[in-house]
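Consider the two complexes below, in which chain A is the common component and chain B and chain C are the respective partners.
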Partner chain A sequence: MSDLNAQAVAKYRTNFLKEVEERVEEGEWVKMCMQCGVCSGSCPLGPYWAHPPQEIFMMIRAGRRDEVLTSDSMWMCTSCYNCIVRCPRKLPITHIMHGLANYAHRLGLAPKNQPTRVFATLFWNNLIRTGRVNELKLSLALYFKDGFKQGIQNALNMQKTGLGLMKAKRLNPFELFSGHGCKDKKGIAAMLKKAREIEASRKHFAN
Partner chain B sequence: MAKKEYAFYPGCSSQSKASASNYLTSVNSMCKTLDIKLTEIPDWNCCGASIGYAEGGELPRHVMNARNFALAEQHLPGQQVVATCAACWLGARETKERLDASAQLMADTNEALKEAGLHYKAEVEIRHMVEVLIEDFGYDALGKPVVKPLGGLKIAGYVGCQTNRPFGIAGESFENPMYLDKLVETLGAEPVANYEQKVTCCGGALAFSETEKSQAQIKNIVESAYDQGADLIVTPCPLCQANVEIYQEQINKRYGTKFNMPVTYYSQLMSVAYGGSTKDAGLDGQLIRAPKLEEIAKK
Partner chain C sequence: MTEIVATNQTILVVGGGISGMTAALEAAECGKQVVLVEKEASLGGRVSQLYRYFPKLCHPTCGLEINLRRLKSNPRIRVVTLAEVTGLTGKAGDYTATVRVSPRYVNENCTACGACGDAVSSEVANTFNYSLNKSKAAYLPHAMAFPQRYVLDPSIIGTAEAEKAKAACKYDAVDLGMQEETLSLKVGAVVWATGWKPYDANRIQPYGYDRFANVITSVEFERLADPHGPTGGKLLRPSDGKEAKNVAFIQCAGSRDENHLRHCSRICCMASLKQTNYVREKGGENARSTVYYIDIRAIDRFEDFYQKVLADPQVKFVKSKVAKIVEDAKTGDVVLHGVDTEGYHRYANAHDLCVLAVGMEPSVKGMDIPAEIIADSSGFLEINSATAGVFGAGCATNALDVNRAVQGATAAALRAIQVVNRVARAEG
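What follows is the complex of A and B.
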């Protein structure tokens, strides 16, 4: 068990709802759900959600902590915002799904090789390095995430597209060496470090 | 018409030599005709996009957006921030609303911004380019500069998700927004009246990580455009554009379809209708070329 997870279990014991309210983005909304099910019928990748949003809210209230945090359901959210505009109680469902995914990821409980988790992590790490996304490095990192051999295969599958984009000046091969970036990289790094510290203290990650 | 000035936030995919650079080209051409002056926010950074949450968390994401706001306030005072990317606009607006609603979050954000020598005064307004066109100009004004009406073209207006929900364009419904269709009509083309996939999700960022599941979505979006006799699809979102255009080849392999449907931006249609060349409209940047639109551009 990760230290952060052990600390959370000790702090909240059986009160998972309280844990979600204090630590998950927009988590204080969960208790407002009236279980109508409208959100669950709204997800584009609906058939692949083992537990659709409505069920997740019910499970949180029932204290089914492990099942929720180890689920790969939240990672199926495409950020389509169908649920938000339809929910009769105006729950910010999209953000709660994102918040749960982020929290499970932080605690080390999210499924290990969940592709969206891997991609989202690569994406953020790519963008904080220079302040902007380097699309070439990001796609290369993604191709090679399953190891070298699979990476070559993946790259070959998309090769025609890559060359097409390059010809159309929509992919810059020189991004590998320099590429786009902000001037004030130092300021960005310092401000993000500070933001992480503040967030950890607000969400009681230390005590 | 008086010149309109905005602080411009192009975002990562629309900067030059990135996947939506042809979007930027056509936006510049369109703005020249409409006498809109866009000044890039100096040293702007990524908005975190819709996928940044997993590793980034909450406050770091808001701080990234607030840095852009603070830079805009400082260098381009009084100007509204305009984004061309749906995800940038959405992310930025979300941050603005959250900060406006919480003094605590605002204080925390500014404490972090101080590390980069910045302060956000909460004065900016965040708009999408489509909002600017429809609300600040209106269809009549947008129709006036048309010199090459797009007659003979049938166009499927694919609105997608993020310019439509949760904020959307004022006065439009979430389930059946009409603004793209009206814009197509304004430019002299025929909008597809019953494009039932107009607000279907293309999979968004999950097109990269959940390839097969997203491609099933994209297949429906393209198929329905064919069923309705469309010559091309038009969209306001760079991620929709890229997903729906780029993956047609793989979908053909997977499903045995023969898709070859051009997917363009609204700004490319406008650039052509306003007399722009293939190059001005960024049509040379299509992976799937749009021959009928190019023909009009060359006339």
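What follows is the complex of A and C.
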């Protein structure tokens, strides 16, 4: 168990709803759900995930902590916003989905090989290094996520697209070596650090 | 010119539906002078458009008839139809109301013989039937209309059609020269009973009321079931006139929804439960109803009614707010999509006809109501007790069934009586 997870379990014990309310983005809305089912019926991904939003909210209220946090359901949300515009109680459902995914990731409970999670992690790590996304490195990292051999295979499959992009000057091969960053790298780093501090104190991660 | 005697001991009742009629009758039967203003051509309001009442399943015509008899025998009530209150100034015991009266083009001589209706050929939407069919441009609003007097639709005025109507009338009742009038009435107290309107179903986009012929509203369904309605009391669906034997009801269509009406309209659960009875009454043993609901709110003693419908094997309940409707273009059937809350099962159910149990929107919403009448966040009236000389009654104040609307109307009449009694005492 990660430290953060152990600490959360110790703090909230069986009150998972309270944990979500305090620690998950927009989590305080969960109790407003009246279980009408419109979000689940409206979600284009609905047939493909284990638990549609309505069910996730009920599971949170029922205290099914492990099932919720280890689920890959929230990671399937495509941010189409269908549910938000239709929810009769105006729950910010999409944001709660992302909040839950992020929280599960932080606690180390999110499913390890969930593709959305892998990509999101690569994207974020790529971004914070220089303050800019290096698209070439990001794509390569994605190609090689399942090992060297598969990576070469993926790169070969995409060769034509890559060359086309290069011709159209949409892709600069030299980015692989240095890559350009934003002007104030230090500033970005400081900003992210501050943001992390604020989040930790607001969501009681510190105690 | 319409002559109306009104003083500051007169009570003005705005709206001639069941609430307004009740308030007017109660006040008049206590000896007060009443002016009853109705914007349609006939009294009766939305209640007169129902096929049956819940929970006893009797016809509203009967209650209406009793009220009309009381009204006809009471000389203290003056009824003004096709009239709207456009302004109200003054204070309790001393108001001046401005009333705009639209021309009917038919005067008191009318015997409702129907000769004008026979003579004209142009047709207009029959709003009594929620425009499901048409009526002649010279028409009686409905069988029990009060006053029993024809109306000429303004669209034919100035045309040969109007002249035909005039020529056909043996009683010299058609008066094409009638003009809009504005009356100014002195009154002591006001009962505001402007009722409700069905929520505009076009705005509930995923249900496709505007796109699919076989998605209708609960108020339209009442008209289909009524023998005086557009289908002679048969449940024929609009797309192809096929008899509907597999009917879906969607609850909270526009109610309990922050995107539409925030309040629970209170009557729609009972209305749909009642309408499942129509499906069985008309369609026999093979007819089926399915009620899609968030939760059934059959308030207080209506629980018994709910239990009875629950036990009916021809009625199925699905705990789910339907997410969207699509039309099967070939058959015209409507397919309801959603997820069932009891088990989270995904469904796609086809039905012949889908009835949206639309919410109650107060009619005062969007109306130019006098400043001292306060409306709540849904647009229902709230009485300002500091300046109270204006009292809300019926569905202008809340989403109510007929029974509760009538109780509230009696209460409003009593309050209005107290105000004019105070005036009478002060004037000695």
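Here is the rule we go by: the second predicted complex is superposed on the first by the 204 of 207 C-alpha atoms of A that agree within 3 Å, B and C clash if a C-alpha of one lies under 4 Å from a C-alpha of the other, contacts with A are read in each partner's own complex, and residues count from 1 in each chain.
Just so it is clear, a residue touches a chain if its C-beta (ideal position, glycine included) is under 8 Å from a C-beta of that chain, and two chains touch if they have at least 3 such contacts.
Predicted model only: the values in this text are computed from it and were never measured.
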Give one word, clash or fit, describing how chain B and chain C relate on chain A after superposing. fit
Which partner reaches more residues of chain A (counting touched residues only), chain B or chain C: B
Could you tell me if A:108 is touching chain B, chain C, both of them or neither one (first, second, both, neither)? neither
Would you check which partner chain A:46 touches, where first means chain B only, second means chain C only, and both and neither mean what they say? second
What is the value, to the nearest 10 degrees, of the angle subtended at the Cα centroid of chain A by the Cα centroids of chain B and chain C? 70
Looking at A:84, would you say it contacts chain B, chain C, both, or neither? Reply first, second, both or neither. first
Contact-wise, after the overlay, does A:125 reach chain B, chain C, both or neither (first, second, both, neither)? first
In the superposed arrangement, which partner chain does A:54 touch: chain B (first), chain C (second), both, or neither? second
In the superposition described above, what is the shortest C-alpha distance between chain B and chain C in Å? Please give a whole number. 8
Interface residues of chain A shared by chain B and chain C, listed 85
In their shared complex, at which residues does chain A touch chain B? 25, 44-45, 48, 76, 78-82, 84-85, 94, 98-99, 101-102, 105-106, 115-121, 123-125, 127-128, 131-133, 135, 142, 157, 160-161, 164-165, 168-172, 175, 180, 182-184, 187-188, 190-196, 198-199, 202
Spell out the residues on chain C that touch chain A in their complex, using ranges where they run on. 206, 252, 256-260, 294, 319-324, 337-341, 344, 346
Report the residues of chain A in contact with chain C in the complex, numbered from low to high. 34-38, 40-42, 46-47, 51-52, 54-55, 85-90
Sort out for me which residues of chain B touch chain A in the complex. 12-13, 15, 17-22, 43-46, 48-60, 62-64, 67, 104, 108-109, 111-118, 161-162, 164-166, 174, 200-201, 203-206, 208-210, 213-214, 217, 246, 249-250, 284-287
